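What follows is a pair of complexes built around chain A, which joins chain B in one and chain C in the other.
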Partner chain A sequence: MAQVFRPSANTIAKASIFFLMVLTIAGLCGLDLIHRSPYVRYTHRPKEQPVPFSHKHHVNMGIDCRYCHTTVEESASANIPSTRICMNCHSTIWKDSPMLEPVRESWQTGKSLEWNRVHDLPDFVYFNHSIHINKGIGCVTCHGPVDEMPLVHREKPLFMKWCLECHKAPEKFIRPQEEVFNMDYKEPKNQLELGRKLVKEYHVQNENNRLTDCWICHR
Partner chain B sequence: MSDSKDKDSILGQAGPLLDSGQTIQSVGDKVTSVIFRKKQPIPWFVVLGIASMLLGSLTLSVVWLLMKGTGVWGLNIPNAWGFAIVNFVWWIGIGHAGTLISAILFLFKQQWRTSINRFAEAMTLFAVACAGMFPLLHLGRPWVFYWLFPYPSTMGVWPQFRSPLVWDVFAVSTYLTVSVIFWYTGLIPDLATMRDRAKNKVGKIVAGIFAMGWRGSARHWHRYEVAYLLLAGLSTPLVVSVHSVVSLDFAVSIMPGWHTTIFPPYFVAGAIYSGFAMVLTLMIPVRSIYGLKSIVTMRTIDNMAKIMLATGLMVFYGYLNEIFFAWYSGNKYESFMMLNRMTGPYALQYWMLILCNGIIPQLLWFRKVRQNVISLFIISIIVNIGMWLERYIIVVTSLHRDFIPSSWDNYAGTIWDWGLYIGTIGFFLFAMMLFIRWVPMIPIFEIREIIHAKTKKTLGTEKKP
Partner chain C sequence: MICLVSGSLLLFGNGCELRKRMYDQPKYEPLEQSDFFGDARSARALVEGTVPRGHLNEDMHLYEGKINGAFADTVPFPITKEVLKRGQNRYNIYCAVCHDRAGYGNGMIVQRGFKRPSSYHIDRLRKEKPGYLYDVINRGFGSMPSYSHQLNPEDRWAVVAYIRALQLSQSATLEDVPKQEREKLLTEKQ
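Up next, the complex of A and B:
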């Protein structure tokens, strides 16, 4: 009976073993790269919003973060401002601008504006803004230079690894409390030295309170 | 011949290794006829049909679980481990017989293993697949199962290497990998036979691809023998290590009833016990339906029954040992646990376990019982049930009475627990039926080697039908 395979099939079979291995490894590495890519992490890409609100414009006019994000110092959530806060100014300034039509509509109907969340943490993560603000972590440390973003985007990939970078060594990122809302704060040359001092002073961690314990974020 | 017969009767072997009248040609015909026959026998269709229905139950249970979460199971606190762990241990234990038969009995040159090794190895693979489902589904979010592996992830943390649950991941995945490779390597010469005997081109091509260019040259055989021996050596420690690691899931904790050093050997014996029971449960009907009684002889069946008896006694010793140490330790939590096991809410299951695993298998001392396939079949099923009850008792009786009475709670599986469990049985049977249909279930060439050695003639070239 005739053979169905030629002798060259042996070479193909051997080569296929090699390529299967290479393909598997390349495939897994590729998946990991996709997972880490800015595309999947949605970094440096402004999100579409109902109103093209410019952080750059408002911050440079001298409005403090806390004017809109009212609860950032005392609660877990920083607070997305209510329409009333927008209308504080926009009832008189740019009051007929077509861009602000959704804001006026919200004001008239009492229906909230539905902003699209830029920093959305998984539900199994407990995150509290106030503790970070009160222990000397600047807004910019996580959110990036918001004063330079016409439309706000995600600056950091929000990997757990990224959270841990600071939780493992807060002294590298901590700043004096009065500098927390400073957009132009430059870390000093003696950051580590100052950092260690501040970590101690603000009781950021001690032997009973380790920032790397699982329950700190996964409660 | 008379020499070997005398030796056999001294060793108490029941009947010949192979029935007389088998030739190199007839073995090939017999085994491949299972695959090349026009139509599978009716029982094959019946089992496949039932298995398909059970697969439906598996699908339903898994989908519901994924939609609702592990709350649909009967788990509670303190019973955080329920059916998922019971079934995991049960299935992975069943797998062990296959590895023991194919690796350890091979190294000990037990020729009777030849007729059942591939079948048992296939059983191992499917049992491990079933076992793997349970811990994965128990994760709650099984789609991120790869977090179990240590790789440089974006989370910046590694798995907890001090946890036996992580050791499990390594033990089971190594076991599965080695078992697949071992099984496949042993299959290659027979796949070549299939290729040569296939009646149509598609069959030839498919079997040809899987045979990987096997031509049966002396060099091929030499390499094959070396590879098979090495793999057998590699699999041998796995027979002991996998279930030892599984037992450490319990033994490393400080729960009364779990925290004992006897667990690893006791679990391994139990695994082999249940595995041989499962091989018998499957092999007894298969050999009679497919007319393979002359290859899978009574001697093989008898030997399996003996191993079951031996491992069953070890397991029974384990039970007695647990009782003894509950008293001898003087630890009130241990003794409470044991008394509660015997008289508490799960007393029925406990005494059923003693009956199924300890008392009934004592019938295997009698040659008449071992030689009667029907009684053996029934005992093997009883042992399967007993071994399931054993894991149930271990998991539930320790957990449901915690150290603090305020946290006590009873446990019972819900309909979704049962649906998932019988669903995996369906998966197992379905896979076994496909295996029987598409793969030579008895190693043709190994049986031929036995015949060849027996007849002391040179291996002639086989005439194709």
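Up next, the complex of A and C:
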């Protein structure tokens, strides 16, 4: 009877185990890379919106973030402006622009405009705007140069690592409170020195690296 | 082998599904779309004709700027430096886009075609009562929209106080400057 397995089968078997392992690891790494890729994290890609609202135009006219994002200083959510806020101005100016048709329709029918979310953390993460705003973290630090975006995109991938980077050392990013809404603020050369001073002054509570405790964000 | 592969695929698939459900839980986040309510809003408006507990807003002075039906000539709480600072801050966010930071009515939005408001520094507006200014913010005036949904009553009064400060600042004379400061001003000028 002929042999089913030749002696070389041993090597093939060993090699195939090895290749299978490599393949699995490569596959897992690949999955992880995809998971972290800018494509999946949706960075730098504007989303389709019902109205092509341009931050670049509106912010550069000197409209403050808080004119529209009214609750950013006192609550967890920044608030997306209601149709009424758009109509403050657009009932009178550019009132015939075809681009604004959905806004007028929403105003007349009372149906909400359905904006698509650009930033969206998983629901098991707790985030709060007011604490960051009141402790001197600028909008730019997390959202990038919104004032230059014709359509907002996600500047940061919003990984947990990213939150922790700052929570470990807020002094690297903190700025004077009156500069939080300033989109053109430049970090001074002595950021660390100033940062340490501001961390004390604003009572940033980070004794024993408290801000990296899991319960801070997963509560 | 097939069992192992299909088993792990099943686990993986299940895991993904479970993870997705953790990412998007059945709770509503602020302003999230609802597929339960007909108008798709998860934030519900009050039933018409109802008043939330503690919001009867009976204080006509604070909420409407009126005393016995006439515009009040006082602000309903003491004006401190903090109140003025708050007023300045809110004014620069919500009003300066049209009225400009000094109140002459030459803001950016006006330059882009919005109706030009009167300057705050005309005689008529200087003499108007605080209650009248409050009423303009509260209910709007002509083509100016109401700001009652962007400013709470305390902030509206703070803005009124700040407008008064602006009006004073634009008609101030040397006599209004405290004595010690006056000397400093005069020496600086030379």
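By our rule, the second predicted complex is superposed on the first by the 201 of 219 C-alpha atoms of A that agree within 3 Å, B and C clash if a C-alpha of one lies under 4 Å from a C-alpha of the other, contacts with A are read in each partner's own complex, and residues count from 1 in each chain.
Criterion: a residue touches a chain if its C-beta (ideal position, glycine included) is under 8 Å from a C-beta of that chain, and two chains touch if they have at least 3 such contacts.
As the structure is a prediction and not an experimental result, all values here were calculated from the model.
When both complexes are overlaid on chain A, the residue A:R84 reaches chain C alone and has no touch with chain B.
By the touch criterion defined above, A:M160 lies against chain B but remains apart from chain C after alignment on the C-alpha atoms of chain A.
Contacts of A:R36 after superposition: chain B is touched, whereas chain C is not reached. Once chain A of one complex is fitted onto chain A of the other, the partner contacts of A:G62 are limited to chain C, with no touch recorded for chain B. Of the two partner chains, neither chain B nor chain C is touched by A:H132. Of the two partner chains placed by superposition, only chain B is touched by A:N10; chain C is not. With both complexes superposed, C is the one of chain B and chain C in contact with more chain A residues. Common to the chain B and chain C interfaces on chain A is no residue. Within the complex formed with chain B, the residues of chain A that make contact are 1, 4-5, 9-10, 13, 35-36, 157, 159-165.
Looking at the complex, you find that chain A touches chain C at residues 61-64, 66-67, 70, 76-77, 79-80, 82, 84-85, 87-89, 91-94, 110-112, 114, 122-124.
Chain B meets chain A in the complex at residues 153-157, 195-196, 201, 204-205, 208-209, 212-213, 464. On the side of chain C, the complex with chain A involves touching residues 22-25, 27, 29-31, 33, 39-41, 92-94, 96-97, 107-109, 112-115, 143, 145, 149-150.
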